[in-house]
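Scrolling down, you'll hit the structures one after another.
Below, subunit A partners subunit B and then partners subunit C, in two separate complexes.
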Partner chain A sequence: MTDAEKLAEGDSTEVHDADRPPGSGTGTQPAAQIETTSTEPVLRVQNLVKHFPIRRGVFGKQVGAIHAVDDVSFDLYAGRTLGLVGESGSGKTTTGRAVIRLVEPTAGSVMLDGRPLTAETRAKDLARGMSMVFQDPMGSLNPRLSAVANVAEPLRIHKSGTAVERRARATELLDQVGLRADQVERVPAEFSGGQRQRIGIARALALSPKVIILDEPASALDVSVQAQVLNLLRRLQSDLGIAFLFISHDLSVVRHLCDRVAVMYLGEIVEIGDQEQIFTNPLHPYTQALLSAVPIPDPDAKRERIVLKGDLPSPVDPPAGCRFAGRCHRAQDICDVEAPVLKIRTGAQPVACHFPGPAGGAG
Partner chain B sequence: MTTAAKESSAAAPVIRRATVRRKFLGSAPGVAGAIVLLILVLVAVFAPLIAPFDPLERAGKALQGPSAQNWFGTDELGRDLFSRLVYGTRLSLETAAGAALLACAVGLPLGVLSGYLGGWIDAIVMRVTDFVLAVPGILFALVLIAILGSGIINLILAIGIGAIPAFIRLSRASTLGLKEREYVLAARSMGASKADIMARTIAPNTMGPIIVQIIVTASVAILAAAALSFIGLGTPPPAPSWGGMLQTSRSFLYQQIWYAILPGVALAITIAALDGVGRGLQTALGTKTTGRAKVGGMG
Partner chain C sequence: MVTPVLQIEDLAVEFTTPEGVLRAVDGVSYSVDAGETLAVVGETGSGKSVTVLAALGLLDAGRIVSGRVMFDGLDLLRLPDKKLRRLLGSNLTMVFQNPMSALNPVMTVGRQVAETLVVHDRKLTNKGARGRAIELLALVGVPQPDVRFNQYPHEFSGGMCQRVVIAMAIANNPRVIIADEPTTAVDVTVQAQLLDLLQVAREETGAGVVLITHDLGVVAEVADRVAVMYAGRVVETAPVRNIFRAPQHPYTVGLLSCLPRLDSTVEELVPIPGSPANLLIRSPGCAFQPRCGLSADRDICTSDRPELAAAAADSAAAGSWAACHFADETTAWSAREHLVREPS
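This part shows the complex of A and B:
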């Protein structure tokens, strides 16, 4: 409890992604997207914390907390994609869910389109600005409703138009994601995985949100289908100017789709920067280890593979200093004592490491 | 449709109408039960057209064996047995449907509410459920009828109320499983209210096991109604209830044996048909056996 407060307040003066408006980096944004961006972020997340209490005993006394997300801050601009990457248990999914308030954050603020989201924000108002696409396309569609009814659900919940108008709009949305009108009456079980995810995307578009949170939208799909779905997302973004928060463990997918990338480790962002910065000049040893694990489609390519030793430490009792220290090849005494804050150090992008530097460097 | 069936993942427990229909039609007890049940329902609906005599009026001499005029013979008051059995079908099915639908209409919403909201609502609902389940079903019905008096409506109430806990438990258990599903999270992320999620997203998805439970409850209700009529607490005479007929026929076993046999056969056929449909549905929906014991052993 006190930990949460400390973490929430302690680092609040540190660098935020906010001071990096789009275009200021070495980013390689497609031309079509530049015109849809503005200098105000459409989604600003500041010092987001989510601790899941662990309760024991008859009276449910809190004996600890799972530190799922600790002090996460980032900005997201219209028409852009921020990738949130990390291994399982790094807190990326919880971050996404806390942003859209499927779980109530322990601390921190989320601003959507300039307005703060709080526990009092009506769920319907939130849903008009932000929607979500889930990982499991089968599990996230109501199995008893047809495709068109699934897509019309958000419209029904928001009492938009008559039933006939809603159906027409849903059919239109399904057409936009590439489903033919003669398929829309089928139930989710009668579609392939890729088609189901298209339905999920159409549903996320229904209320014309400013931000869509994509939680591993392609990782349950075959590689060929993945590419189709990712290309669809790209096309929709350039057509509609929607901002994506793209949660994924798949770095090659993130590279393909994202303008900016935040690397998460055990609930914290350890490095954040433009896609090119992260992929060509990663500074954090964890980012470097992640990148070295990405397969290169070239049998002759030589590179140093960084193999991480050990497992992810327990999120119940995270290490006092740098959370990565126990697995880091550059770790020194200070790393076990003092937690490094996320700020610009040697390179261009903020990094939470006492000894940042290019891969292979002694640090 | 068949290609779509092939490529869908087998892991997801999915209700697909076409598959359910195909599996049900592949189940012998299901098909046989459904056909018999359909015939029984038709008999009940068209009873006035099928029965040659008024079930409450004399139609010949008392206690006659089967004849061309009275196909199954007559009872102690000279009423046509066939006509009474036909109207008895109507009475039995009314009781069964009434009790099962009442139990479902009350139990399903309570179970969903209890499972989805949790907290004190859940605690209260579950304690009351435990209380009702602790009392044997037939005893519970006896007490209710003693308080309310006999008659078909009270019979339905007595049996139906005793069957509510099974529906609560079943729908609560399904709800607990469903509420963490991604499509429920998706509905929440769309801004749906709790009431909307429960009514539109959760309740329809608990229907598989609930439908099986409705069938099971219906057959238990028919047996319970017969048992209560047999001890004089069901529908009072002169109503042509199968249980009541069984009861009076005991005094005339030597004069008219068919009087005792035929209501029993009618009961057996109806229960067997419902059981067959229940099994067929379980096969088709892939739900686990919902034992009779859950209803409180009322039969």
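This part shows the complex of A and C:
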């Protein structure tokens, strides 16, 4: 049984599934059940792996690999947001980039709207289904093109409509993200950070994608502006039914925006579940430590902080057993030997841990 | 009555830009007591960093228009360069956001800490400095300090580098530590460790800490007192509980209401309307007025600039000072507009 199947099984046994289409399973579910539900995930990622080779010497002999993403699987549904959270080095950004093939995955499959994406999939077809918004809009927009030309660029490349039609569509998109018609001729440098991010979002919407990958889209913005962008994303999603893969290190933002959350550690998903499950009843000791470290804007909030010992292990030669074992307060002998797989327990979210359980408990 | 260890009075700083004169700091006053943590909060362009850089004579552009910065009976702004240099790094120290740029990449970490000690204490021998540096590295939680002493900054993680910078900041028993976004570049689990470490540093030295941050979570966690800055001015200063329980300035209310929270969920965040103030345009009134929901276009907000005034002693905000003409209406207004979230 693959992890993805286990995941799927987990989905089918969860209790509060009201906000998510059921029947997301693969092999383990009876065919009849799949037929009763017409909703398939718009994006299905299975066993995604990305290793970056390390080369040495004159002949560039490969001497090792950075295990950036190891065996990552998840489903994403139309109109929903899946949050990928983790600290630097967890592989969340590489996962996003491998899904949209900015980096070529080492192994694994990505299905967009029921069709597999392969190395042969033309970039043109890929871009019609999926787009990306980056953290730094200044680095991703063409500084010499006006806002409207930036947004029309994908349409031009995909030879959609006439120049006049493209302009009209781009202006409409910019209006949708809250930029006035009299602003659209300005170049990116003339906009504030928040406005630039709006342009980036408008451009991502240009080809009416099914999925948008958002990599820390609001992290560089001040909180008052960040709130505007987050509200915009929510509104666009409910209007257009787009699915978001939201990559962020900011757990408060993820709680606000996401329906589902996957927690990553050293290239692997260690826990995945509904927003409510992850934030109110995390079962993986890493998720618990991560949540306990987030400062709460309330001077009376008294919490037990779980302090992690040591540093993130090297992704070049990750530990053989559980990758978190060396820093885990619950680790026992088996953790160093056997890698835990994402598995569910009745009525709870999938967790990759030999001793999952509520914080403070022995599991 | 405690006398403050550092007192900034009516500081104003201007930059000349191609578009005109930009007043980044516009009459800022605040002070910090020994053993106290003052958090200075504000968004980009609020002047929170420029204020301290100007106060310590570290500004490389810009012009100090007015003000005094009192430390130990001396006005730092009028101190000869040589004397100021002697204070910096010993009595007055800084921790910056990016530890990599604060450390010399081609000098071992240990030597940099030892150098900080030697520069301010000529009598210290090399051996003595080495021993003391290792002690300091151990204190800030660098594992195997005697081995790590001989390593270079690139061999340290970002969090470890920041620990080294903090070790240098506390090396000479400072009386004031100014930390400018010290945890912004690190992950949350490392941030938690560094904030704990700053508390240890404060207790160890008894110094007053000025913590500059944009993160209200960090403020709630470590601050005793808070100064909220907007458009180059302090718009509210208060004990930390007041800021979160009874904010008096509409901008402070706005900062809290637009924040996504880990401990609760809301349908929609309430952003502060409009965009940050343009510092090139100096209005005679309140800089926050164009974005303010409480002002409701009342004339005084555009004609007169509000000064910091104390909240009524019998109110929930006793001890708070806010620069708002209608601060006494803020609580009722934010409740009416559902801008304040109840603690969960």
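Definition applied: the second predicted complex is superposed on the first by the 321 of 363 C-alpha atoms of A that agree within 3 Å, B and C clash if a C-alpha of one lies under 4 Å from a C-alpha of the other, contacts with A are read in each partner's own complex, and residues count from 1 in each chain.
Definition applied: a residue touches a chain if its C-beta (ideal position, glycine included) is under 8 Å from a C-beta of that chain, and two chains touch if they have at least 3 such contacts.
Remember, it's a predicted structure, so these values are computed and weren't measured experimentally.
Enquirer: With the two complexes overlaid on their shared chain, look at subunit A and say whether subunit B and subunit C clash or fit.
Expert: Aligned on subunit A, subunit C fits beside subunit B.
Enquirer: Tell me the contact category for A:192 with respect to subunit B and subunit C: first, second, both or neither.
Expert: In the superposition, A:192 contacts both subunit B and subunit C.
Enquirer: So in the superposed three-chain picture, is A:138 touching just subunit B, just subunit C, both, or none of them (first/second/both/neither)?
Expert: After superposing on A, A:138 lies in contact with subunit B but is clear of subunit C.
Enquirer: So, does A:100 touch the first partner subunit B, the second partner subunit C, both, or neither?
Expert: The first partner, subunit B, only.
Enquirer: Which partner does A:62 contact after superposing on A: first (subunit B), second (subunit C), both, neither?
Expert: Neither partner.
Enquirer: For A:208 in the superposed arrangement: first (subunit B), second (subunit C), both or neither?
Expert: The answer is neither, since A:208 touches no partner chain.
Enquirer: After superposition on the shared chain, which partner residues are touched by A:296: those of subunit B (first), subunit C (second), both, or neither?
Expert: In the superposition, A:296 contacts subunit C only.
Enquirer: First (subunit B), second (subunit C), both or neither: which does A:314 touch?
Expert: A:314 sits against neither subunit B nor subunit C.
Enquirer: Enter the shortest inter-chain Cα distance between subunit B and subunit C once the structures share a common frame, rounded to whole Å.
Expert: So the smallest C-alpha to C-alpha spacing between these two chains is 5 Å.
Enquirer: Show me the subunit A residues, by the header's touch rule, that subunit B contacts in one structure and subunit C contacts in the other.
Expert: 192-193
Enquirer: State the interface residues of subunit B toward subunit A in the complex, per the touch definition above.
Expert: Listed in rising order, the residues are 1, 4-5, 7-9, 12, 14-17, 181-183, 185-193, 196, 201, 204-205, 207.
Enquirer: Any idea which subunit A residues touch subunit C in the complex?
Expert: For subunit A paired with subunit C, touching residues are 87-88, 192-195, 222-228, 230-231, 234, 249-253, 255-257, 275, 279, 289-301, 305, 307-308, 311.
Enquirer: If we count contacts the way the header does, which residues on subunit A are in touch with subunit B in the complex?
Expert: 97, 100, 102, 122-128, 131-132, 134-136, 138-144, 153-154, 157-158, 186-193, 200, 203, 207
Enquirer: Subunit A touches which residues of subunit C in the complex?
Expert: 43-44, 157, 159-160, 187-189, 191-193, 195-196, 214-221, 240-241, 244, 254-256, 258-263, 265-266, 268-272, 275-276, 343
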